[in-house]
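Structures for review follow.
Here come two complexes built around chain A, the first alongside chain B, the second alongside chain C.
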Partner chain A sequence: MKPDPNDPAWAWAPFQPDAARPWDLRLAAHLYRRAAFGGTWPELQRALSEGPQATIDRLVHPTPGAADFNRLYDDYENAAATSAGYGSQAWWLRRMIESPQPLQEQVTLFWHNHFGISNIHVKDNASLCRHIHVLRQHGMGSVEALLDAVLAQPAVWICLGARDNGRRSLSESSVRILMEQYTLGPGHSSDSDVREGARALTGWIISQGELRFVPGEYDAAPKKILGQEGDFDRKALVRILTTHPATGHWLAQKLVRWFISDTAKPSDSLLAPLAKQLTGDGSTAKGVEMLLRSNLFFSAEAYRQKVRSPVELALGIIRPLEGRTGTVRLAADLARLGQELYEPPTIQGWAGGLAWINSLTTLGRAKLAEALLAESGAYEGKLDPAAVAKRHGRATNDGGRQFLVDLYLQGDLGAETIGALAAGPSATGSVDTRAADPRQIAARLASLPEFQLA
Partner chain B sequence: MAQWIPADTPIMVEVSEPMALLGPLLSPEFGKSVTTELENGKANLKLQEFQGVVAAVELQLGTDWRAGLRRLAGKGLSFCVDPSGATLLAVDGEDEKLLSKLNGIIWQFASSGADQQNQPETVASPNYRGVKTWKIGTNEVHALLGPRLVVGNRTSFLNKVLDLRADAGGKTLASSALFKAAREAVGKEAVASVFLNLQTLRETPGLKKALEEDGNPVTALLLSDTKAALRSASWFALGLYVSGDKLILRTYTDGAAPEVSKWTSFSTLPGAGAELLPPLTVPGTIASLSLYRDLHSFYAAKDALFPERTSGLIFFENMMGIFFSGIDLTEGVLSEVRPDIRVVVAKQQYDPAVGTPATQVPAFAAVLRLKEPEHFGEIVEEAWQKAIGLANFTRGQQALPGLIIDKENQDGVKYTISYYRPPADKSSGAIDARYNFRPSLARPGDYVILSSTDALARDLINAVKQAPSTPAKTSPAVNSLMEIEGPALSAILQANREPMVRKNMVDKGDSREKAESDIQMLLVALGHLDHATLTLRRDAGRPQAQLEIRFK
Partner chain C sequence: MHITRRDFFKETAGATSMLAFGSSVPAFLARSAAAMEAGQASREPVLVVIQLSGGNDGLNTVVPYQDDAYHRSRPTLRIGAEQVLKLDSSLGLHPAMPAFRKLYQEGRLSIIQGVGYPRSSRDHDAAMEDWHTGVLREGVPPGARSGWLGRAIDAACDPGKTDLRGVFVGEIKAPFSVHTERVVVPSIKSLEEWLPTGAAWSDSTRAHDSGPSSATSSGSPSLLAGVRSATANARLIQPRLIAASQAIHSQNAAAYPRFPLTENLATVAQLIRADLGIRIYFVELGGGGIGGFDTHANQAANHGALLRELAESTAAFVDDLNHDRLLDSVLVMTFSEFGRTLTESGRRGTNHGAAAPMFMIGGRVKSGLWGAHPSLTDLEEDAPKFHTDFRRVYATVLERWLNLKSEKVLAPGFAPLDGVLV
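Moving on, here comes the complex of A and B:
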């Protein structure tokens, strides 16, 4: 079949390596960057020996122990969420680093961005923490079950400014967001659909921080929503919205932007097969699996076509080095780079793509890389590139430079740039006298433009 | 050692009698007890590692580690930092042969390690000024000078020391006027001392920032003239003394606050007969503080003390204006409060019907005395109820549960409490952190008790009734006195062990095992603290702090 990224048959066909697109370190690392925030050397080597489809099997399907791990981390996050500060966000970052199922965390982050529920409005860590747990618990399942669970969260209604959905206090603006942002996408619902949808949500009121149903405030009269008529309540509204073809299409478009490319503008016909996976009997897991297995995912249209978000940048430095760092400080540093977990800036989430990069954040990203990899300081030198190189038999007189290039940037760096790594000032301007120091080399690699792309 | 150290060295630590400090720690009984506690507390990660290294060294030296330490370091320890940050440690022992043997073991270990890593150039043993030095890697260099071992992190600093040792004419720390003044202040009876040259160190960004006027009234109220004095000081010293079963740490400085009265009038006891009231004690006391602070004269001088009005200060005054119905804060409110202020921190008992929060915050309370309780008591009560009302209103706006206000009676004293409704669902285990607080106000006699919990308020009603207002039997120069109870402090930390472990995990990125090990070490160390007393006083116009520690 002729490679054509706009041809759905080719684009969604499972990737089969060939001479033109061999299964090599570059593609294995690409898969791990998008699906797992970055791969360790053993993970990449195993992926190379097992091939793409078997590797995707492992990434997509829950591993033994994942449920126990998540229960433990739910407990950590819940306890930390009772206090102010970055405690529960720090635990989420740690979960992303350590999870045996990192794809689940990537998808949870996708939904956090999609719903855009922010503690700026909710002002309650515990409530946001419960919302994120719901996104994790249902994030890979059916979109209907996910939306149903999301709308049972007080944090969502507080953030949408709809604390009181009474008969005489219809919250049309929140239903507009529900239709245009969360499900159908823009242009598929009329003012009448929005108004009728708001009637379906009547009776749900926030009291003492909890969402309660007050039967007296429910409008039981028949409603007409998106061409369907009946006595629709919240559950029925969720079903109508999530089974509408536009929802699958809208979510497919967002998933393509998240997993394939920041700038992708896929045609309707290209999106149709993916949209089908997300609606009806489908699930997010099926959709994501289809994406990851596809020719499109391993094509030039996807390779290094996404700007790493601050979270992806930091985890892309940490995970490959098989280490952990203090994540309270990390959560604060990521907030300074524009991605404060629990606080998407708007209901549309983070703008993403090129919006992550400006003159301030470019310097900030380089400084974060230096701080994470420094021998001492805020992160206490917990990441040790030299030890990792030695563990994998790649410690050499060049400070493990080639190993770190292979680990962080694979074949995407020219010989000239690799040579230049050995000399010159560091990213923040200080003169480097330890050109062969693996920490310095790793920090420089993580500051390169190539590394900013996932 | 100071006679070999360059005069511009800004930090010097000397332990003249190491065995006075290490002696009790080296006893087999102490070692056994610590080992048992660490093992019981699962802190055996570091312990096993440490024990393995110690056993190997003991075998090679042919002596047990306690005896070895006495012979190698029993005569003194000195540690100093030069202006560039280079460090040097000098260890004085009595057994030159044993020191040489230890050096041989270390050298052999380092050389074989460097060979294994194919980096033989990282170990070297050059001569300087006729002294053989050993260099291991990039950050370690040492020399043996008879029974003295000198270890540094930079060759240049060690060489400077060897220069001064060879030429008697160089300027040394021992001849520095500042160092001599500090040594004289500390006295010969000190078993250890710390000298800081503030003329040099004050320019370092960290200390410069710490000594800056931050405009925080609470810091100024508590520390009085301490920061102002350190801003003008040339040197600062710490002396450590052993007295019976107590360790005493005392500070000295040559600095005094400029415009002394501005910084001291509110914390100076008014002469003859005026002495600090004793700290109050209740069941489960963790810390108890007694201060002499005249809030009226402190706040009356606020424009001089804090020329810059911060947003925090403006907010504070606005809120006080609301709570006290527009009564002037300085002349109408603070003038009604006597200068005897006491603060108590105590472990709290949780109501089983409500539950126990995951993080247990100790109860804390301030105990003030009013000049005219009949007239001003109800005004305080009204202000307090307004504050609770405002907190409830704000929480209500955020759809958060509010406090319920109630009145109770303790031994004839009616007091006001406020509390949250018990959680509807306790099945998920630990309850919310807000259940650490049941803000209460009591007015027994001329006292006002502002407490974070009703239980502590009740205990304090009993305490002020039972304790006559007799002085604390401290020197009249003492204006602050804090007592810390080791067992209670240890108990509250033990109760918070799990939250501390978790905090360590995300703060430092440690594994659970490592975090548990670190926290257990801290708990074991604190478990040996019996009692500590901290006093602040003014001696010849200069602030002085003293910490007395008694171990179990």
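Moving on, here comes the complex of A and C:
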């Protein structure tokens, strides 16, 4: 088959390395960046020896300890969410760093971005914490079960501006968001679908912080939604929406944007096979697995074609260096760079792509890299590139430079730049002795334009 | 073909910036051609918004010192003719604000009186949200809302480019006003904490900004080009910012009083001086949450201290900008989520109210009192009634200062105010 990223048959066929696209450090690191926020040296080495499909098996399937790990972190987050501040977001960041199943966290973040539920409006850390737990619990399963669980949460209805879905207080704007943002995508529902959909949601009222069903407020009369007729309630509406082909399409488009490319504009025919995995009996896990295994994922259409969000930037610095750096300060620093967990800007999520980047955020991102890798200061020097290089037998007299290039940027830098990293004379003419410091080399690498791309 | 010097400059500046900086040329470079031609700096207008959190007592800020109702209702909090800093025969500023009276006398301060909105909320969060969004709550679901300045920032940025048009400077979380849908508004505590330490960072990137990369050889180069352009840009502005942040702690240190607001405004002044193309700055006084101007009890000392901090910090900021002849391109606007009740409470404080004055300060404001002081005998639940919708003030700033169509930000129908700006 001829390589053609626009041909669904080629694009979705599982990637088989060949002479043109050998399975090398670049592609292994690409896979780990997208599916696991970055790989450690042992992870990348193991991936190289096992090959792409076996590595993806491991990334996709939960390890035996994952359930216990997540239960423990649920408790940490719940406890921290009872007070103000960044406590539970910090635990989530730590979970992303340490999870035995980082892909699950990447997918949880995808859904957080998709639903865009923000604590700016909910004003209750504990509710947001529960919301994220639901996204994690159902994020890999069927979209129908996920949406069922999401719509059972008061936080969602607060953000949608529909605390009371009573007979006389239909909230059409919230149903419009449910249809146009959460499921079908824009342009698939008529005013009448929205109106009838709102009737299906009647009966659900937030009282004393709980979403309760009040039978007297439920409109049981038949409805006609998206061509179907029946006495639909909320559960039935969720079924109608999540089995509609447009929903699979819309979610496929969003997943391609999230996992493959900020800039790709995939055609309908390209999206169709993925959309099918996400509709009806399919599951997000199957869809994500299909994405990761695909030729498309390992093609030039995907390679370095995403801008790292602040979260991905920080984790891309931290995870490869196997560090346990503090995350409370990190949560605050990421917020200043534009990505506050629990607070996506609107229900449309973070704009992403080049929106993360401007002259000041570029400086702020470089500063974050510098602070994370500094020997002391806010992050207490807990990342130690020299020790990591030594542990893996890569401590060399170049200050670990080649090791750090391999770990952070693989083959994506020109020799000239690599040379400049161990800068001789600085602008002032004096020899910059700090340049041979692995911490400084790592910080420099992490502030290069290439590193801003996932 | 006849080529004027100006055309030549445009051509070459355009070509150079396309190569070196892609889409986002730093403002100071983009303008150099035009500036050389005109022989002067022609800066884009900059707006600095100061939020007074908690509900500022307008009646003890701009004091109706001759009003019997005022004196009757405020047995301990009233400010008499002998203390007030007189603006005219009936109104004066709080005695802690000589710095503002001086600005007023110098022709740099305008007071818009009686600002509020219909059915205004007296709940901090709800009222603040109204002021922040500029759209009253019933219109849009919470999750779909954005800040009025956020929308202005979005509107001022070219889609797909790495423009920087808005910044929040402060310790607290960025208020909802600067909440955008598209672009990122950085929240900066201080330049010192924000900037990488300099030479090391810029040296290592310099060699690389325009170099080839295997990442570009295969796919579309647009993302990498965009990041490189922003990086080249950042590298150019970094020394300016470092110089600016050091200046805060040397020659200007004496001129700025030591208040948290002052520090933030000094940072804003340095960013303005560095000329990065930022059009909208947001700072805050009072803590962001409840507290600050929320003077339910023992108001006098608290309120005076806050007003002093506001007046002296702003005046120092104005002096600093004026020193560099930048004041004509800067407009400062203050707001608070509501004013307070006329009647003093038993705890020598005041409760949540409605209409209040707003200050406009800068080199191109028309000094004076705009609009009538609200009546103290025709009240709404013990608070002055508004005569000017705050969104008309926003429209004034958008249309007459930032040169943005206010329909891009606000609902239609809010006419800008005449006679506030010159």
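As a convention for this text, the second predicted complex is superposed on the first by the 444 of 454 C-alpha atoms of A that agree within 3 Å, B and C clash if a C-alpha of one lies under 4 Å from a C-alpha of the other, contacts with A are read in each partner's own complex, and residues count from 1 in each chain.
Methods note: a residue touches a chain if its C-beta (ideal position, glycine included) is under 8 Å from a C-beta of that chain, and two chains touch if they have at least 3 such contacts.
Note that the coordinates shown come from a computational prediction; the quantities given were computed from them, not determined experimentally.
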item: Three-chain arrangement built on chain A, chain B and chain C clash or fit; value: clash
item: First (chain B), second (chain C), both or neither touched by A:Q452; value: second
item: First (chain B), second (chain C), both or neither touched by A:T325; value: first
item: Contacts of A:E416 with chain B and chain C, given as first, second, both or neither; value: second
item: Which superposed partner A:I206 touches (first chain B, second chain C, both, neither); value: first
item: Partner chain(s) touched by A:I158 [first = chain B, second = chain C, both, neither]; value: both
item: Which of chain B and chain C A:T82 touches, first, second, both or neither; value: first
item: First, second, both or neither for A:Y379, with chain B first and chain C second; value: first
item: Which partner reaches more residues of chain A (counting touched residues only), chain B or chain C; value: C
item: Touched partner set for A:R336, first chain B, second chain C, both or neither; value: second
item: Shared chain A contacts, counted only where both chain B and chain C touch the same residue; value: 123, 158
item: Chain B residues within the chain A interface of the complex; value: 357-359, 398-401, 428, 430, 432-433, 499, 502-503, 505-511
item: Sites on chain A touched by chain C in the complex; value: 116-118, 120-121, 123, 158-162, 171, 173-174, 177, 262-263, 300-307, 335-338, 340, 345-348, 351, 353-364, 366-367, 369-370, 411-414, 416-417, 419-421, 423, 426-428, 432, 434-435, 440, 443-444, 447-450, 452-453
item: Parts of chain C lying in touch with chain A, wherever the complex brings them together; value: 24, 26, 125, 140-146, 160-164, 167, 173, 176, 179-189, 193-197, 199-209, 211-215, 218-220, 222-224, 226-228, 230-231, 233-234, 237-238, 241, 276
item: Contacting residues of chain A [partner chain B, same complex]; value: 76, 78-80, 82-83, 87, 90-91, 94, 123-124, 126, 154, 158, 163, 206-209, 323-329, 379-380, 382
